[in-house]
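In what follows, subunit A forms one complex with subunit B and a second complex with subunit C.
Now for the complex of A and B:
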């Protein structure tokens, strides 16, 4: 089922490639010891290296290199044991060095791939061309003063991974699925927090259109799109614009464009006379980056289980549906929580509680899986209380709500509130007798054939026992008692 | 190889160096002298020699690395000390909007 846009002169295919900038998770910057935390006071996280002071020398952060290698391994990509940093030269007020230290001809990571899944269940591979390490620039604020721009260099020198895909995507959905998958892998690996609102992950979207079966036509680059939804919208808007240009007899010019999220259109960003000439050359401050193969293998051995593998394992070992396994592995933290609950217990029951009651509680309390109102250990203990007959399913829900409200473990709540399920046959029979005696008319109706009244009796007995009667035993006692002729 | 005046103008523009028309022939001459010297270097036979990425032979000086530890920051006043203009702890520059 391929995606085409019908123009006025026939169908068009869309060709999409993404360049994703992912901020490396590290304490310090790529080439300095200044911190990377988001939202600090302006220019408080800047070293002399980051500010481009004369005579300062960059020294690379080993962890940033490791994060790039881990990401490469997670993308099934070649790791280049020999790579090199080049200077990318351009002038901008938030680039104090006058160049960005980047990798050009010799990136640290080469070809790899990502598998995406579409809503109709089809899976396909998107090729990764390369991943390289580079410095982020500072931040400009243009709206604080009528005639001045304000510059904050806190981001200057923070490590970025630029991850370039092949032009393998053919629809907005595929572009969105690719970015979502890439984000999920990065978050599983712990190499990028994937926070698109804070700009930790942003995409440049390359779009071109063509007639089915044709070679590639000229592409345009839509810069700095910062959500998955906007990527999908930008692809469609840009494709429609290009189709209109071609159909009116024009020619699409290669250029950089911006996506106007309010209007849902792309617009041209740079004029042609400013055409880029970055004059890359090897950075003389940095020798080549040579990695030890054994070190790379050590990183490979320590990689966490990735989402696809984890999902497949949940389906295979736990018998979960593809959908449930997908939901539970969407985030590493959710999967970790689920596995802690499921350990040694019924995985399907654990899955139902996590996806049902826990997710509802997270929503209601506006908390997340990192800081849940009920710990995995406590939820597991609650399941144990159901398994050993202390709690009925109904009582367990009640206990769970109390756990959400108080943060206390289930056993303590059961004790405090006397919620222990009543399994004592004598107590149940006494309640049954009392209910039947008080509803002699209904009993007569039931005996006359109105069998659906059985549910009414169960409800009355449970009510009389404050909801604590063991439902199976109550049913059994009622059936036995109603089966006898006399009341 | 020699640079024509249009190329010299373009290189100057990329480097944000303002050249007057009067400066152009002098700068053109200087740059072409440098290129002439590079041409002399290119006469050396480097067949079979690996290109160098820096000033030291490969392996002579492995890239030094730092650990991922915060050791700097918190010196906004020193960072801003040479700024021609500032607003609070921001650098202030003439408005640049694309």
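Now for the complex of A and C:
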């Protein structure tokens, strides 16, 4: 099922590659000790290195290197034990050194791949070309003063990973799925928080179109797209624009474009002729980055289980459906929560509670899995109270709601509210007796073969017991007293 | 003896014996500076008050028995080293009013060891030059005079011309310099003093205004090889703030100076006999080798076949790095800003950099930008890097047969202001014997070895194995002892 855009002159195929900039999750910047927290006062997280003062020198942050290696390993990519930093030279007010330190010729991570799954269930691999480390620039603020521009250097020197894909994607959906998958992997690895609103993750989208079976045509780069939805929209808008150019007899020129989210169109930012000559050359302040193979293996061994593996394990070991396993592994924190609930318990029951009652409670309370209204331990304890017969399923729902409201553990709520289910055979017998006596006509109908009335009797007994009767015991008592219906 | 005539070793001994105080020594230097600096222009900034206070503090430390290895030694600091709270200009209008809020590692270590800073020494703008004439604060007069034309103002060499002139004229017993292509060794030779550029990585570059990062290296000037060794020990050492600084122990350099050269093999590269070299320099070179032979060394002719490519290689690599290193001087955050209200960013850059940088700096930025440009990178920068590797390999080969290499430091004695100024290439030729040590990252020292017929000092250069400053100092010490150089410049305290 391939994605094709029908032009006026026939079908067109879309070719997409993504360059994703992911901010490395680390306390300090790539080459200075300055902190990286988002949202700080302007220019409050700037060292003399970040501000490009005379005589200041970069020193590589080991943790940022480890994060890049972890990411490379998570993308099934080659880790280059020898890589090098280059200077990318250009002038801009928010680029204090007059160059960005990046890895141009020899990136730290080489070829890898990501597997994506589409809505129809098909899976395909998207190739990773490379991943390299580089510094972010500062930020120019043009709207603070009528005649002046302000510069905030807090971001200057923050570590970024640029992750470049092969031109392997063929539809907006694939591009979206790739970015979503990449984000999921980064978040699992803990190497990027994936926060697209804050700019921790942003994508440059390379798009070209071609006739089916053709080689590549000229591509355009749509810069700095900051949501998965916009990536999908930008791909389609840019593809349609290019098709129109070709079909009107024109030629698509290689250029950099911007996506206007309000109008859903791309517009030209700069043409190839205006492209900077970055005069890349090896940064003489930094020796080549040489990694110890054993250190890399240590990072590999300590890698967390990634979403695909975790999902497969849930299907295999827990017998969950592909859908449920996918939902539960979408975020590492959800999966961790689920596994804490499921540990030593019925995994399917745990899955139902997490995806049903817990997700509903998160929605209702506007909280997230990092800070849930009910802890995984408490939810597990609730499941235990069901397993040992203390609570019926219905009572458990009631207790859960009380847990959401109060944040207290289930045992305490059961005690306080006297919600313990009745397992006393005498009390159940008495309730059954009373219900049957009050409904003699229905008893006769049941015995005459109207089997579905059984549910009615169960409901009446539970009602009489204020919902606290142990359902199994109630069923058993009813069957015994009613006998088998005559067929 | 007047304090200004003391060497560092003598001064330290006098301080130790309480025959001299740091305050007396510093005052004597400051008086000499006050008297002679208006003429020599060796200092851009004199920090007399801070120096007096530092000298008093030093005497107090010595009195408490807390004397550091350089306790009370007054020094001139090349104005390329950032000094906290003291204006650091790099001899450029661009940084005319720049006061760094931080201290370079080298100067911090000198202070730690008790040194007293007299002020900031003049230099070629951003260390680009071999005459000190590119300084935005004016040239420096070489205290030596040509016997046949005593009225001529001679250059002190460069780029560390102010440091060299200050030490030669007895304004300071020692000084710091930096050497990217010969900027310590050539002015040392022109001013009749000693100066050593250690191995790349021996001294931290942190806080030194960068010219060409892969070549820049700090080092000391002094009037004796022993004094250079004393200063170098304090300046050296691993610095985690400089990723290119070497993590290896700092030996007792001073002990190496008197070690002698018995049994050493001294290489003489045949490619250094360049056309047009004055006969006097050729003769002095032969004389130096004879002294070493007499002291027990064996002289071996060697070949460094890629030598003739060194200068063009240097003048591709150094400007390339400089063009990038100097991009930060853009008028946005500190230093000079030239802009009219309403100017666009580009106009700010153009006006600031046109006014802030002198002609030689602009020339090198343009050369560097050109050789890194798309389409020229392979032919220039990449080719130069390959040749640089070959030059380093030449030396590596040589170390298989020799322990040190001896050459002249410069192809001429000090020249007069105006003599080479209109021809940048003639000026660049000054570095012909010195750039190879920078390209290969090797230690090199210049030692005063004699006077030419016009009474101007000439230096001999000793180049050694990587991190064998001790070997270089040993050979330099032997030349110094044999030469018995006692001459002093015309203009002096």
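Going forward, the second predicted complex is superposed on the first by the 442 of 487 C-alpha atoms of A that agree within 3 Å, B and C clash if a C-alpha of one lies under 4 Å from a C-alpha of the other, contacts with A are read in each partner's own complex, and residues count from 1 in each chain.
Here is the rule we use: a residue touches a chain if its C-beta (ideal position, glycine included) is under 8 Å from a C-beta of that chain, and two chains touch if they have at least 3 such contacts.
This one's a predicted model, so the numbers in the text were calculated from it and none came from an experiment.
When the shared chain is aligned, subunit B and subunit C each come close enough to touch A:147.
Of the two partner chains, subunit B is the only one that A:63 touches; subunit C does not reach it. Contacts of A:269 after superposition: subunit B is touched, whereas subunit C is not reached. Looking at the shared chain after the overlay, A:216 reaches neither subunit B nor subunit C.
Of the two partner chains placed by the overlay, subunit B and subunit C both lie in contact with A:91.
Look at A:42: by the touch rule set out above, it reaches subunit B but stays clear of subunit C. Note on subunit A: of its two partners subunit C and subunit B, the one contacting more of its residues is B. Looking at the shared chain after the overlay, A:284 reaches both subunit B and subunit C. Across the superposed pair, subunit B and subunit C both touch subunit A at residues 48, 51, 59-60, 89, 91-93, 147, 149, 151, 277, 279, 284, 286-287. Within the complex formed with subunit B, the subunit A residues making contact are 26-28, 32-35, 41-48, 51, 59-65, 84, 89, 91-93, 140-142, 144-153, 269-270, 277, 279, 282, 284, 286-290. Chain contact summary for the complex, subunit A toward subunit C: residues 48, 51-60, 87, 89, 91-93, 96-99, 147, 149, 151, 277, 279-281, 284-287. Of all residues in subunit C, those touching subunit A in their complex are 81-82, 88, 90, 95, 98, 100-102, 104, 205-210, 212-214, 240-244, 320-321, 323-324, 326-328, 330, 332-334, 341-342, 345, 349, 369, 372-374, 377, 381. Those residues of subunit B whose C-beta lies close enough to touch subunit A in the complex are 14, 16, 53-56, 58-59, 61-76, 78-80, 85, 87-98.
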